[in-house]
Amino acid sequence: MQYVTLKKERFDDFISRLAQDKKVVAPVAQDNNAYAFEPVTSGRQIAKDYIPTILPPKKYFMPQYETLATFNIGNGQQMEPVVEYERMILFGVRTCDLAGIQCLNMVFSERPKDHNYLVRKSKIIIIGYECNDYCDEYASCRLVHNHTPNGGYDLFFTDLGDKFIVHINTQAGDEIIEKTKLFEEANEKDLKALEALREKKRKIFANEVPVVHENIPQVFEKSYNSNIWEDLGKKCLSCGNCTNVCPTCYCFDVIDEPNLDLKTGKRYRRWDSCQSETFAKVAGGESFREERAARQRHRYYRKFKYPVDKFARLFCTGCGRCSRTCMAKINLKETVTALVAEQGLTDKKAGKE
Amino acid sequence: MAKPKVAFFDFACCEGCQLQVANMGEMLLDVLGAIDVVEFREVMSEIGPDKIDVAIVEGSITDHHAVERIKKIRERASILIAYGACACIGGVNGMKNNFKLDDIRKEVYGKDYKYFDSVETRAVHQVVKVDYKVNGCPVYIPEFVKVLKAALAGLPYEVPDYSVCVECKLNENVCMYDRGLTCLGPVTKAGCNSWCINNNNICYGCRGMVSNPNENGAKDVIAKYNIPMDLVVNKMNMYNKCREIDQREQPKKKH
Amino acid sequence: MSNPKRNISVNVEYLTRVEGHGNIVVDVKNGVMKTCELQIVESPRFFEGMIKGRSIFEAQHITCRICGICSCGHTLASIQAAEDAIGFKPSKQTTELRKFLLHMENLDSHLLHIYLLVAPDLLGVKSFVPLIDSHNKVVRRALRMKKACNDVCDIQVGRHVHPISAIVGGFTKLPREKDLDAMLNILYNMRPDMEATVELAATLKFPEFERDTEYVALVSDDPEYPMLIGDVGSTDGVRKNKKEYKSITNEFVVPHSSAKHTKLSRGSYAVGALARFNLNADKLHPKAKEIAKAIGLKPKCINPYLNTAAQLVECVHSLEEAIRIMEELKQSGINYDEEVIVGLNEKGTIPVKPGNGVGAVEVPRGILFHNYEVDEKGIITKANCIIPTNQNVNNAEQDLKKIVPEILDKSDEEITLLLEMLVRAYDPCISCSAHFLDVKFVNR
Amino acid sequence: MTLKRVILKDSEYEIKRARILRTKQMTETEKYFEIQLPGGESLDHEPGQFVEVSLLGIGEAPISISSSPTKRGSFELVVRDVGKFTGQGGRLTGALHKLEAGDEVGIRGPFGKGFPVRILEGNDLLFVAAGLGVVPLRSLINYVIDNRRDFGKVTILLGCRTPQNMLFADEVNEWNKRLDVNLNCTVDKADPEWKGNVGLITSLIPGVTLEPERTFGVVVGPPIMYKFVIKELLKKQIPERQILLSLERHMKCGLGKCGHCQINDVYCCQDGPVFSYDKTKNFPEAV
C-alpha cells in the first residue's frame, strides 16, 4: 500500500504537466448540471463536483464508432484488420465507473478475446476519484458495493479538504508521481484522515434498495414473469438512452462502409441497443423480444442476473445514469425496490451499519 | 463501366435539399466523378435522355400536374430516390392537410382561389414506388452520400429505425426533457446526427417517425412535463402529417 | 432592324438554372409582340395558410422552409415580424449576429448565382458541369468558397439551409471562443479566393441593354449599408416605414396572368443587389467601392444584366463586413447569458401580447416582407409574406417587353438565351413565390 | 495525441479469402455454393456449426455449413435471398446470389457448438427438418450416413412448402433409396406429380415407431415450428435431454460479444446454435 498527497494548489500544475505529453480527459461541466469527459489542458477546466458524466468512460474503451478493418476489393476479398487507439490519461473516474470498466474488461478478455478492446485499454491510464458523498438520488452504488474503490485504477484520488491523498496502484501510476514531482509522502495523519472519511461514508451510504446484496440474484430468479415489466413496457419509448449511457452495456452492430469508389472502405462497429425493435429481429421477420416489456426486462437481467451466472458479478455499477437520462422516468431504484417487495425480500436495515 | 445517368427533379419544396448538394464543397467533384448528371434544372440547362438510371426526386406531390409528372419520371428511371423530407414524408407541405383544401386556398388567394390547383399533399411513395429514401429537412449530406453509394452498388439502404436520442446521447447533449422541453427525438428516426439538438434546439421530427413509436408512452411523458397537448400535436404534424395517409392506406396495400 | 416582319415564338418551359419553376412565353407575329409573359408554375404551397394557428415561436421554423436558398433571410424576416408583433427588442449582440448571418447568406447566395448559374452563360456552356473539365480551378474555387460560407453558417447557426439556432428572442447557441476563431479563420482564408473571383468577374462581358425603372431597397440615416434594419426607400424618392409595406408593394392582379404583380411609383419596380447598390452605394465597404469603380459600376445603373455585377460588389462588402462584425464580437467577448431556450416558449421566458408585426429584411434577391398578426397567446391569426421574386416578376416582364423588339434580328437561339439570361440575372427564386401560378396551365 | 490506426494481427475479425468452386440455383430463392479455403485448407468443422460469410463493402452473415466434415477439401452452403423471400432487406444474401464459380467470399469460423456427434453415437436418430432447416441438418445426416455403422436406426422427416421448394431433392432421393434410412416427406401444397404426404410436418411424427429412451430427436426449422414439433416428440416420450434444436438468431460478431443472438443468458453463436430441449425450455425467449 502506497499513499502520497498532493496539495490542492498544485492540482492545476499536475494536470497541465500531464497534458504536456499526453492527452488528458476529465469531466467538464456542460449546462444543466450535466458533465462530460472531454480533453483538458489545465486543472481549472475540470468540474469540481460532478455527478456521473452523460456518457461513461466506456466511450474511450469501446468508441461509439470503431473501425475493425479496412478493405480493398479491387482484387478480391482483401481486408486488413486494424485497431484504432489513442494514448491518454483518464482523470476523475468515479468508483462506479471503475467498476464499469472492470466489467467490460471481463467481457472482452473472455475467449474469444476482443483484441481491439484490449489494445485500446492498454493505452489508457486511469486515475480514479472518490465520492465523499452521494452524487444525487439516482445512484445505487452502495447496493452493489461500488461506493468505495475496488481496484481498477493506476492512481486514486481522495479529497481530504486542503489536499488529495492518492493511492498508487500500479507501476504506471508510480511513474506519473515520479515524473510530475508534485507529490509528498503521505503521513500518519493523512492516512487517519482517509480512514475517518471512509468511516463517515459508511454512515452516509446505505443500501438504496432495501434488500440484502446477496439476495439480489434470487430476486431476479423469480421475477421473470412479474407484471412490473409490463408497466415498464408501457412507459418505455425505446429511445435507447438507458443502454447508451450505461457503463456496462456493450452490444454493437457491425457495418460495412465503402468509399465512393465502391472498392475501398472500412468495416466498423457501432453501439447498438437491445431496446431497439430491430435488435433481435431475424431475416424471417420474427423478433424474439418484440414487446417493449421484454426488452426492458432483458436489460435488467443483463445487469442483475445473467452476468452473475457467467462472471459472478453484478453488471449494474449503481451509477444511476439510466434513471437520470430516462425521459419516461423509468427508475432503476424504484424498479428493483418493487421487484424486491414483490418477492417479499424487503429488508429495511440492509446495508446500514 | 459507364457511369450511371443521374437526374434531379423537384416538386413542391424549398429546393434546399438540392442546395445541400452544392454545399458539399469539393467533395461534390468526387461524387460527380462517380455519376453522370444528365438533368438538374436548378443548375443545368440540359434535359436528360428518356431512360435514366437514377432519379433523385425532391419535393412533395401537391397538384394534379405533379401526379402525372412523377409517374412519368418513375417510368423513365430504374431507381428512384426520394430526397428530403418533402419527398419522403410530405414534410412541411403536409401541414396543408390540416385544413380543408378550399379553406386554405381561399385564405391565401382570396376570391381567385379556384384558379389554384391543389390536391392533398402526398409524399412520393404515396404516389409511385420509391426505392431509396434520404430523409431530413434538409437532407444530411453524409447520409445522402451513403444512400447514393448503396444505390450505385445496388444494395438496399435502411433508414435507421432507432430514435434520434441515440445519436443525441452519443453527442452528449443535455436532454431537452431535462430542461423541461418537449423534443420529438424519441419518436423520430435517427440519421441526422441529432443536428438540431446539437445546436440547442429541439427535434421537430423532420426525418419521420420510427416505425413503431410508443405513442401512449410519449403522451404520458409529455403529460409528466406539463406541456400542453395541442402544442405537441402541432409539432408532431409539422412534418409528419402525411403519415396519416400511410396509416389510412396501408391495410389496402399488399406490401 | 433587319427583319421587322418576323414571327417568333419563344416558349421556354422550365426555365433552368433558377430556383423554382418558371416559363417565358413570347409570341411575336409579323414583328408585333402579342404576348410576352414570365409565368411562374411553382405549385402553390400555402405557407401563409399553414402557419395560421401556430405559435409565433414556431413561425420562423416553418417559413424558412419557403426557400432553401434564402432560408436564413426568411428566418430573420420571420423573427423580426414576430418580435415586432409582441414588442420584443433584441439585444445589440443578437442584432450584430443576425447581421452577420445575413452577410453570410448574401455571400453564399451571390456566389452560387455568379459561379454556378450565370458564369456558364457568359462562358457559353449549358451548365457548370462542363466547366469542371474546362475550368477546373474555377469550379473548385467556387465550391470551396460556397463550402466556406456554409461552414461558417454551420458553426454559427447549425447549418445554412434552415438555420437551427436563430429563433425569436435571439440564439439558442452562441459561438464559443474557439468557434469565433474558427469562423474568422475561414473568412480570412476566403479573401484570396474573393480576389480571384473579382478578377474573373471583371473579364466577363454582360449584354448591353438598359431600361429605366424604379429601384426599391431598405434605406436608413446611419452610415451602415442597410440589410437588416431600415425604412423602405426608392430611387423615385419614396420613403416609408416597413409597416406600410402594403402600400409599397401594391400587389395587383393582371389580366394576362393571375400572378400577383407589384408596383410603386410607376409600372413596376425592381429589388435586389442592383436596387441596393443604386440606393446605398455610398455606404458600401471601401473595398467594395473600389471594386465597383474598377468594373465601372455606378449608381444609378439601369442595365438589369448588371445585377450580377452588383452582386459581385456586395460579395466583397459582405465578406468584409462579416469579418468586421466577428472581430468586434471577439474583442468585446460574447455574453453567454443571452442564450435563449427553445421550445414553444414552454418556459415562458419571452412574454407575449397580441399585436401586428412586420419584418423587412434585405435578402440576396431583394427586400423580403413578413407580416404576422398574433393573439394574446402568441398564436398567429393572419400571415402574409411578400417575397423579392414576387416583386421582380413584373419588372422582369417589362424588361422582356422592351428587349424583344430590340433583338429581333438575332437567331432564335440567341434570343432565347438572351431572354433566359435576363430573367436569370434577377436570380429569381420562384420556389419562394408563394403567390404565383400560371393559370392557363391549370385550365389546360 | 491523435487517433492511431495500426494493423491488428490477431484480430478475430480477419477473414479468409475463399473461392467459390461451384454454384447451383436450387429454387427461386435458394442458391447452393461449394467453397474452398485458400490452399484447400480444411474448415475443420462439426456438423451443425456455421461460418460468417463476408462480402466486403456489403456485410457479413452467419450461414450454416451444409456439408458433412467427412467431405474434404471444400464445404457447402445454401443461401436464401432474404430480399426475394420476404420482400425487404437481403443486403448480403442478395449479393451472394449474384456470385458464380471463381468469385471470392470472405470466411470466418467455423463458429458455435454443433451437434454432439459423440453422444449421438450408438443411438437411434429422428431427424425433423422444415424449410431451410434441412441445410444445417444435412451436415449431420451425411455425417451419419458416412459413418452409418456407428449409429442406430435413422429416420428422416422433411417438410417444405411445395415440391419445387424441396432442397437437395436428388440427395433426398438417394437417402430414400437406402435400406438403412427411413425417410418421409410432406409438403404444404402439392402439385399433380407429388406422391408424398400433404400437411404439416407435425403430422408425420405420430406415425413413426421409435424406442424413446434410445432416440435422439434432432429438429431444425423456422422458429414457429419448434413449439409444435417438440410437443409431438414429447408425446412420443423422447426425453427432453434427447431433443436437439438448432436456433437461429440475429447475429453479428459470432464471438459472443455483440449481444444480438442472446437468448436469456446464453449466446446462440458460442453456446449454440445447437441446444438440447431440457436447456432451452428454461429460456422463455428460446422458441
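By letter and in written order, the chains are A, B, C and D; residue numbering begins at 1 in each of them.
Throughout what follows, contacts are C-beta pairs under 8 Å (C-beta built on N, C-alpha and C of every residue); 3 or more make two chains touch, one makes a residue touch a chain.
Nothing here was measured: the structure is a model prediction, and the numbers come from that model.
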Requested in this report: State which chain is most central when centres are taken as means of Cα atoms.
Outcome: B
Query raised in the report: Taking each chain's centre as the mean of its Cα atoms, which chain lies farthest from subunit D?
Result: C
**Report entry** Distance between the centres, which are taken as Cα means, of subunit C and subunit B, whole angstrom
**Finding:** 25
Report summary line: Rounded to the nearest Å, the gap between Cα centres of subunit B and subunit D is 42
Report summary line: Here the gap between subunit C and subunit D, centre to centre from mean Cα coordinates and rounded to Å, is 65
Report summary line: Residue numbers in subunit C touching two or more further chains are none
Report summary line: Residues in subunit B with touches to at least two other chains are numbered 153, 179
**Report entry** Touching two or more other chains - residues of subunit D
**Finding:** 57-58, 89-90
Report task. Pull out all the chain pairs that touch, please. Result -> A-B, A-D, B-C, B-D
Query raised in the report: If you look only at subunit A, which of its residues touch subunit D in the complex?
Result: 22-23, 67-69, 71, 73, 76-87, 107-108, 110, 112-116, 119, 224, 250-256, 258, 262-263, 265, 267, 269, 272, 274, 279-286, 288-289, 294, 298, 301-302, 305-306, 309-310
Requested in this report: Name, in rising order, each residue of subunit A that touches subunit B in their complex.
Outcome: 30-32, 34, 36, 53-55, 64, 234-241, 244-245, 257-258, 260-262, 271, 273, 276-278, 292, 325, 327-329
Query raised in the report: Can you list the residues on subunit D that touch subunit B in the complex?
Result: 57-58, 83, 87-91, 94-95
Query - subunit B to subunit D touching residues, read off their complex - result: 153, 155-156, 158, 255
Requested in this report: Quick one: which bits of subunit B touch subunit A in the complex? Just the residue numbers, please.
Outcome: 30-31, 33-34, 145-146, 149, 152-153, 161-163, 165-166, 169-170, 172-175, 177-179, 185-187, 210-214, 216-218, 220-221, 224
